[in-house]
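Before we start, here is the structure in question, set down as C-alpha cells.
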Amino acid sequence: MLKDVEITRAIVESYMKELLDSLTLDVAIVGAGPSGMVAGYYLAKGGAKVAIFEKKLSIGGGIWGGGMGFNKIVVQEEAREILDELGINYKPFREGLYVADAVEVATTLASRTVKAGVKIFNMVEVEDLVVKEGWVCGVVINWTPVKMTSLHVDPLTIEAKYVIDSTGHGAQVTQHLLKRGLIEKIPGEGAMWAEMGEKLTVENTREIYPGLYVTGMAANAVSGAPRMGPIFGGMFLSGRKAAREILKKLKE
Amino acid sequence: MLKDVEITRAIVESYMKELLDSLTLDVAIVGAGPSGMVAGYYLAKGGAKVAIFEKKLSIGGGIWGGGMGFNKIVVQEEAREILDELGINYKPFREGLYVADAVEVATTLASRTVKAGVKIFNMVEVEDLVVKEGWVCGVVINWTPVKMTSLHVDPLTIEAKYVIDSTGHGAQVTQHLLKRGLIEKIPGEGAMWAEMGEKLTVENTREIYPGLYVTGMAANAVSGAPRMGPIFGGMFLSGRKAAREILKKLKE
Amino acid sequence: MLKDVEITRAIVESYMKELLDSLTLDVAIVGAGPSGMVAGYYLAKGGAKVAIFEKKLSIGGGIWGGGMGFNKIVVQEEAREILDELGINYKPFREGLYVADAVEVATTLASRTVKAGVKIFNMVEVEDLVVKEGWVCGVVINWTPVKMTSLHVDPLTIEAKYVIDSTGHGAQVTQHLLKRGLIEKIPGEGAMWAEMGEKLTVENTREIYPGLYVTGMAANAVSGAPRMGPIFGGMFLSGRKAAREILKKLKE
Amino acid sequence: MLKDVEITRAIVESYMKELLDSLTLDVAIVGAGPSGMVAGYYLAKGGAKVAIFEKKLSIGGGIWGGGMGFNKIVVQEEAREILDELGINYKPFREGLYVADAVEVATTLASRTVKAGVKIFNMVEVEDLVVKEGWVCGVVINWTPVKMTSLHVDPLTIEAKYVIDSTGHGAQVTQHLLKRGLIEKIPGEGAMWAEMGEKLTVENTREIYPGLYVTGMAANAVSGAPRMGPIFGGMFLSGRKAAREILKKLKE
Amino acid sequence: MLKDVEITRAIVESYMKELLDSLTLDVAIVGAGPSGMVAGYYLAKGGAKVAIFEKKLSIGGGIWGGGMGFNKIVVQEEAREILDELGINYKPFREGLYVADAVEVATTLASRTVKAGVKIFNMVEVEDLVVKEGWVCGVVINWTPVKMTSLHVDPLTIEAKYVIDSTGHGAQVTQHLLKRGLIEKIPGEGAMWAEMGEKLTVENTREIYPGLYVTGMAANAVSGAPRMGPIFGGMFLSGRKAAREILKKLKE
Amino acid sequence: MLKDVEITRAIVESYMKELLDSLTLDVAIVGAGPSGMVAGYYLAKGGAKVAIFEKKLSIGGGIWGGGMGFNKIVVQEEAREILDELGINYKPFREGLYVADAVEVATTLASRTVKAGVKIFNMVEVEDLVVKEGWVCGVVINWTPVKMTSLHVDPLTIEAKYVIDSTGHGAQVTQHLLKRGLIEKIPGEGAMWAEMGEKLTVENTREIYPGLYVTGMAANAVSGAPRMGPIFGGMFLSGRKAAREILKKLKE
Amino acid sequence: MLKDVEITRAIVESYMKELLDSLTLDVAIVGAGPSGMVAGYYLAKGGAKVAIFEKKLSIGGGIWGGGMGFNKIVVQEEAREILDELGINYKPFREGLYVADAVEVATTLASRTVKAGVKIFNMVEVEDLVVKEGWVCGVVINWTPVKMTSLHVDPLTIEAKYVIDSTGHGAQVTQHLLKRGLIEKIPGEGAMWAEMGEKLTVENTREIYPGLYVTGMAANAVSGAPRMGPIFGGMFLSGRKAAREILKKLKE
Amino acid sequence: MLKDVEITRAIVESYMKELLDSLTLDVAIVGAGPSGMVAGYYLAKGGAKVAIFEKKLSIGGGIWGGGMGFNKIVVQEEAREILDELGINYKPFREGLYVADAVEVATTLASRTVKAGVKIFNMVEVEDLVVKEGWVCGVVINWTPVKMTSLHVDPLTIEAKYVIDSTGHGAQVTQHLLKRGLIEKIPGEGAMWAEMGEKLTVENTREIYPGLYVTGMAANAVSGAPRMGPIFGGMFLSGRKAAREILKKLKE
C-alpha cells in the first residue's frame, strides 16, 4: 500500500541529498537559458561538477516564444553542429539559415543537459555573490517566491570555483559587482543588429572579473554590443566557448 | 550577409504555415501538463493529427516544482514502462516506488512529444469551446497576454474531432460547458489521498460530453475524486488511456 | 576559519532532520495563535509528538496589536493560572480583570511552547487535509510564498493522528471539509459580545469531524458563537481543553 | 454554410499577407496620433510604402478627450486647409480659431489615412530600433500585451528607409537612442505656452538622427519647446512637413 | 495673438452647449461598438435626436483587434450593403464572405456616425438607469475615470424616450434591471457557433423591457444565443433593425 | 413635479458659469491645505478674484489626522488671533500653547474661506504651469481621476496674475519649474524641529519665481527648512503673509 | 521655548480624554455624510451625548463632488429651512429648487455639527456591531488604515444606547446584521428616480432592528427604494427625523 | 459581569500611560531585530529608560526564516555566552559553531527584553528624526498602516538622548540624515563573506552622528562591510557593544 507520507519522504530525502552534494561546485551557472544550458552541457560532458540556478519554475529563458509568440527560432550555419550534437531537428529556410521549433529547442536542450549530469535548481534565485579578496567564489541563493513576496528571509550560500552569468541582457549577476563598485560600468545591450550581435556575443564571452564568466546576451550587455532577436546560434557558441575555457582552467 | 528582416520572414512564414495546417485537427489537447503531453505522444504515434494549446509560455504544468519546490517526483510501478518508453531516468526509493528529477521529466516528455509530431502552441489560451448541436467540435483560442490584460480582442477558432481537457484540477475547458448549462456540476478534486487518487484518475478518464475527454486531475475534478500530490504515474496512464480510446474511435 | 558553506550545511542538515522526524505526528496544529500554542504546550508537556504549522513568518496571530494597535491585552480571572504557568506578567485593572503587554504575551507563550518540545514550522501553509474513509489523518503543506505567488507547485503531506484547527475566525482548515461536502455549514463568528464569547469558545472546543479538533475563534466560528475582541482567557482555556481531551484519547 | 474555421482562415491569411508585405517599408511611423497619421496620409498620397505601428488597440492618441474630457478640440487658421483636405467639420469660435468634435477628428483622420493606403498595425509596440553604422534602418516590434505582462518573448524586426517618432511628448522611440548614448539629451516638453508651442512644433520637425524624424510633441520634447494643450493645428502641420521632406529624399 | 485661455473657453463653451442640448434625447445608446454605432447612424439619418455614451476614450468596441490581434474582420453577404452604405472597403475571401481592415471599419463607421448627427460622449460611463413606473426613461452617467478610481461622486441624469443596450456580451445596461429584480435572468452568451450566432443576433434584437432595446452581442447574451467571433455582419444588421423599429415607434 | 434632468441642468449650468468666470483670475492657489485656505480667505477679503484648485475631493490637507490619527492639533500664541478671526474654538494646554479639534479646524476654515468669496475647485489637479518669458501666468488643470488612471486626456488652462504653491512639503507646483530648469534646486523639508520650523515657514513665504509664491510647508521645502508636525500656527501666518504681499502688488 | 514633545503630549492627552469620555454614548452615528451629520447636529442640540465614526480622513460623504465633479448640489423647498438653520448659502434655480456650493455645504455642515457638541472620530472604521439578546448596544471600531492593509489587529468597543447607520447606499452597518442572519434581506437601492427617492428616504428612516436606525440612502437601500443623485434635501430631512425620534426615546 | 467597554477602557488607559511615560527616553531603538533587542536588553539591565519602535506587528526581523525558510540559525563561539544569558537552547554543529531554532531565538530574546523593562511599540514606524543644531535628539513616529496606505496624517515626536538605528541593511534611520545632507554617503552592505562580516559588524558599531548609533547590519551597511547570511553572533555582540557604550555616556 502507498502511504502519502512515503511520497514526502522519497522527495525530501532525494532532494536534500542532491542539495548537500551541490554545496561545493566546480561551476555555478546562473540562468537556464540557451547559453547557460549549453555551457552546463559541455562542462558536465568535460567532467566538471556543475549546477544551474534558475529563478523561474521552468527553464529555457527567451527561447519559448520565438518571435512575437510565433514559436519558431532561427540558427545560422556556424551553430548547426550544436543542434546536431543535441539532437534538435531543424529545416533550412535559405542557405545557411535554419528554422527550428522553439518548444523542441528549449526542452531537448534542457533534457540533454540534465542527462549529461547537470543539476538544475529551478525556482531558486541568485540574490548575491560571495566575493573574497577580489575573487568571486560562490553564489547566494533563495527561493524565488520568497524574493517575489519580499519576505524577510535570509539566503544560503553555495561555493563554486567559477560562476557563469547567463541571465540574459539584464546581466543580473554582474549587477551585484557593479552595485559594490567592483566593476565600473555595465553599458547594456545595444540597439538591434542581428548579424553584428551574433558575432560579438561569442567574442564578448569572457571572464570579466576573477571567477566570473559572462555568456550570451549577458556578455553583450556587459560590453555594450547589439541585441539580435530570435536567432540563437551565437548563444549556443557562447555557452560552448565558456565551457571550454573553464574546463581548461579547472584542469590547470 | 544576414539581414534582420530575414529572421522575421523565416519565423512568420514557418509559423503561419503550421498554424494554417492546424486549423482542422483530429485532436485538440488543452494543457501541456503530464497527462496532456502523454496523450499527445501516443496519439501522434498512432497517426492522429494533434496539437496542444498551452496558456503558459512553458510546458510541464505541475511537474517542475516536485513537492514544495524540492524538484523530485515519484512514480509507481504501474507507470514505469512509460518512463522507459520516453527515456526518462529514475531511481528506486523502495520496492515499486521510483524517484525521478522533475526537470528531466518535464523536458524529456515534452521533447519526445514534439518529436513524435505534436505541434505545441504555447502562450495560447483556450477561452471557449465550439459546440454545435450537442457536440464539442473545436476550441476558441487567443493569446494568453491578451487575456491577462483584459484587452477587448476577439478570439479565433480551431476545428477538432475530439478535444481533451488536460488542464488539471481546475478543469478549465469543462467549466465552459458548466457555465452554459451543458453539464450539471463539476464537484472539484477531493481531499488528499494519494493511493486512491492514483487509481481513480485512470478510471475517471473518459468522454464526459460528446467530443470532450478529460484526463489527469481534470478527470478527478470532474468526478470529485481525491488529489494526490507529486506522484505522476496516474497522470501518465490517464493520458495513454485517453489516446488509445480516441485512436480507436478515429479509426471507426 | 568559518566557511560560508558550513553555515548552509549546518542549517540544511538540522532542519531536514527535524522535517523528516515530523512526517508522522501525534498532533498537527494549524496556526500558531494563542489557542494553538497553548494546546501545543500542554500536548508536549503531556508527552505527545506535536508540530505547529504557521503560514506567517512570525507566530502570535492576533495577540500583537492588542486593541487598535494599543498593544495591551486583557485576561479574566479564570485564565490567570495559565499566565502564571507560562511566566507572563500582568497587572490587575479591576477585580478579576488583568492587563498584560501584548508583545510579552506573544513571545513568552511561543518561547515556552518551543522549549516544551513543540516544533513550529513557520512560513508553511496548510493548503488541504488528508482524509481517508471519513477520518482526517494528516495535513497537506506548502511554502506560504509559493501560495502567495500562485506558483504551480505541488504540496507535501504530513501524517497525524489528530489535527487541530486553531486558525482563528476563518476556520481555514475546517473550510476544506466544507468545500468537499464533508460537513454541512460553517456559520462564522457572531457579532461582538465579549462575555458570551469567552464562555462559549471553551464549550465549542471539540472534535467536529473524526480526527479534527477546533479551538479558539475557529471553535466559535464553526458554532456561530460571538466574537470577543482583545480578551484572551477563553483562547487559552480552549487550547488547554483540546490538549487534555486529545492526550486522553492518545493514551486509550 | 459558414464554418467557424473559415473565419479564422480568412483573417490569418489576409493579415499574414499584409504583414509579410510590410517587412520592408519606405517609412515606419511609430504612434497613430495626429501628427503620425497626417504624416502617413501625405506619405501614402505621395506614393511611399508606409505603415504605422500603434501600441494601443485604438488610434488617435490625445485627440479623443479634447480638454479635460470635454471632447472638443481647437485648430488655428494655418491648419484649416488640412481639415478641409480630410473632410473634417469645424465651427469658427472667433476669427482664425475653429472648434471641431474630437471623435470626428480622430476617426475621420484615421479612416482617411487607411483609405490612402497606410497599413496601421495596432496593439503593436515598437520596443527598440535597428541601428547599423550610425543609421536608423528599422523598428523592433512586439505585441503590446506581451510587453504589458513582461513576458519573456523576443520581438521581430521591420526594415524601413525612414522611421518617424510621433509618439508624443514621451518621444519613446528617440529614447532608445538616448539610452544607447547615440544622442546626448532629450530635454522634454516645456511648460504650457500654446502660441509658442504651436509655432515651434513645426520648426522642430526634423531628422534628429540619420533615418529618424520627429513630429508633433515628440519634436517639441526633443527640443525642449513648450506644450500647448488641446489645440492640434501644429500637430497636423508637423506631420505634413515631415511627409514632404521624406518624400523628397525618397525620390532623390 | 492666441491666448491659452481662449482654447479653454472655446472648448468649455462648445461642449457645455452640446451637453445641455443632449439632456433630453429621443434615443440614448450605450456603447459605441459596431451595433450601437450602426443603430445611431440609422436613427440620426431617420431624424431622431440621439447620443451615444461610451465608457472608453475610444470607440469601436471589439472591432479593433480583428481575431487575436490579426486586425482583419469578416462580413457575410447579407451585411455587405451596409459596408457599401458606409463607404467601407472589403475584399472577397470566397463567395459570400468578405474581409475588411479592422481599423478602417472602426474609424469609418464612427466618422460616418458622427457626421450623420450623432453626438458621442466618450469617457462617460452609464452607471445606472432611470426607471419610473415600469418604464426605462433615461440613463445615469458619470466620468469613467471617476468610476475606475471608485471616488465617491454622484452621477447626473439624461432623459431619453428609448435606451439601447449595445454594450456587448456583458449586457451591462440590462444588468441594472436584473439587479433590481425588474427582469428575471440574463443567461449570457452561448458557446461559439458563428453561423447560428450571426442569425440569432438579429432575431434577438428587441425591446426587452419597456423603453430598453438590446442589440448585437447584448441581444444574444440576454437570450442565451451563441457567440460568433470576429464576424460582424450580424452586429450591423442588428443595429439597423433596432433603429428601424424605434424610428417607427417615435413616429407613432 | 421634480424631473431628474432638472437637477442635471441646475448643476451643469451653475458650475459652468463659475468655471467660465474663473478662467481669468487674480490669484490661483494650488492646494486647499491650511496655508492655501488662509491665503485665499485674506485675498478674497481684500477684494481679489481668487480660486483654489485641490486635487482631492475634500479640502484640509494634513489637518484632519492631527498627530497619528489622534485628531487634535496645536497652535501657538502668535496665530491665536487667526483662530479668533475664523471662529475656531481652542483650549489652552499650557501658556501660549492651544489645542483645537482637527475636524473643526479643517471644516470651519474651509467654510469661512468659501463664504469669503473663494471658489474651490476640488478633484482638480494642477498638472503644469503656464510660463511665458520668465513669468508664471497661469495653471494647467485636469480632473484628478484622469491623472490617477493615466488616461491620455489633454488639460485646460487658467490664467492668473499670481499663483500660490500651497501643496505642502512636496512643493508640487514648484517642481514643474525645477523639471524645466527654471529654478535650480528644491532641497526639500529638513528633519523635524518644530520651533525652528514654525518660525522659518513664515520667513520662507515669498515669491520664488516671478508670479509664483510659496506658502506653508512648500515654503520650507523650497528653502530646506525643518518640518514641524501637527502644529499649524506657522501655516496660518504664512498664508496671511502671502495674501498681504500679493494684495499690495495687485494694487500697484 | 516650544519642545517638540509638548506637541505630542498636548495631542495625546486631549485625544485620549475625549476617547475615554466617548466609550459610553447615547448615540453612535456611523458615517459623517449628510444625513449622519444632520442627525448628529440635532441630537447634540437636543442634549444627547453623541459621536460620529467616519472611516475616511475627511467628512462629507458624497457631497463634495456635486454631480460628475461639477461641484454644485441641489436642494428642494422642503429642506430649505435646514440650510437656513445651518447658515448655508444657496441660489434659486427655479421655484422650489435651490443650488448650493458642494464645498460650502460639506464644510459648513460639519463645522456646525462639531460646534454643536458632536465628537467626530475620523479615520475610524466600524467593523462590527455589539449585539446582545436581540439588541444593538454598541459599535466595534478600528483604525481604517489597519483595515485597508488587512493587518491582524483586534478592534475596540464603544457602548451606545442607539446606533445610526448613515453609511449611504451600502448600508454597511446593517450588513453586519444580515451576515449574522439577524435580518433577512437588504434589497439595495432601486434605479434612479429623484422625486420618489427624495420622498421615500424620509419615510424609510426608522429603527430597523432594536437599537439600530437607518438614515439617508442607507434607509432607501434597506427598503429597496430609488436612488436620487446629487439632490440632498431628503438626506437632511431624514437625519433630522432620526434625531427627533431618538431624542424622544432617550427621554422616555 | 464583564462589559465589552471595560476591555476597551483597560487597554486604552494602560497603553496611554505607557505612551505618555515614553515621550522622553534615554534611548530610542529603531527596529526590533536581533541587534536592537540585545541592545535594549542590556540597556534596560543597566538602568536606562528605553523603548523599541518596530514597524511590523511582530518582532524578530530576519531571525524567523533561518536560511531559505529552513528555520535554524547559526551562532559562533564568541556569542555563545549571550545565548546562555538569555536562556536560549543550542546544539553544537562542529567545534565553535552552534545551531539554534529560529523561532525559539526570536521569541525568547523578545520575551527577555520586555521582561527586562524595555517597552516595545510595534506597528509604529519611525518616519524621520528630530535633529537640532547637529544633534539627533528624538524620533518621529507614525502608525505603520498609515504609512503603508500613504494617508496624509502628521506624525508625533519622541525625545531621546540617544537613538539606535538597528533597522538592518537598509539603515532606514540613517537614510534620513543622508537625505538632508547631514552625512555624505551610505555605501550599503558588501557582497557575502560571513567570517569578515561577523567580525566587522562589531567593529562598525559606533556613533556615526552625534546622538545616533548604528548596530548589526545597519552598522555594516553604513560602512560598506560584507553581509553574512543566517549567522547571528555578530548581531548579538554588536547590540551589547552599543548598549555598553551608551550606558557609559549616560552615566557621564
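List of remarks:
The first chain written gets the first letter, and so on, giving A, B, C, D, E, F, G and H; residue counts start at 1 in each chain.
Convention: contacts are C-beta pairs under 8 Å (C-beta built on N, C-alpha and C of every residue); 3 or more make two chains touch, one makes a residue touch a chain.
Remember, it's a predicted structure, so these values are computed and weren't measured experimentally.
Shared contacts of chain A and chain G, meaning chains that touch the two of them, come down to C, H. Using the average of C-alpha coordinates as each chain's centre, E ends up farthest from chain H. Think of chain D turning onto chain F: fitted on CA atoms, that turn is 90 degrees, to the nearest 5. Centre-to-centre separation of chain D and chain H, using mean CA positions: 56 Å. Taking each chain's centre as the average of its CA atoms, chain C and chain F sit 52 Å apart.
With centres set at the average Cα position, the gap from chain B to chain E is 40 Å.
For chain E, residues that reach two or more other chains under the stated contact definition are 3-4, 7-9, 11-13, 16, 57, 64-67, 69-70, 123, 130, 138, 143, 146, 151-153, 156-157, 192-194, 229-230.
Across the whole structure, chains are in contact as follows: A-B, A-C, A-D, A-H, B-C, B-D, B-E, C-G, C-H, D-E, D-F, E-F, E-G, F-G, F-H, G-H. Here chain D touches chain B in the complex through residues 3-5, 7-9, 11-13, 16, 19-20, 23-24, 57, 123, 130, 138, 143, 145-146, 148-149, 151-153, 156-159, going by the rule given at the top. Those residues of chain C lying in contact with chain G across their complex are 61-62, 64-70, 188, 190-194, 196, 227, 229-230. Of all the residues in chain E, the ones that touch chain D in their complex are 1-4, 6-16, 56-60, 64-67, 69-74, 76, 89, 91, 93-94, 97, 99, 101-104, 106-108, 110-111, 114-115, 120-124, 143, 192-195, 198, 229-231. Interface residues of chain A facing chain H in the complex, by the touch rule stated above, are 128-132, 138, 140-143, 146, 151-157, 176-177, 179-180, 182.
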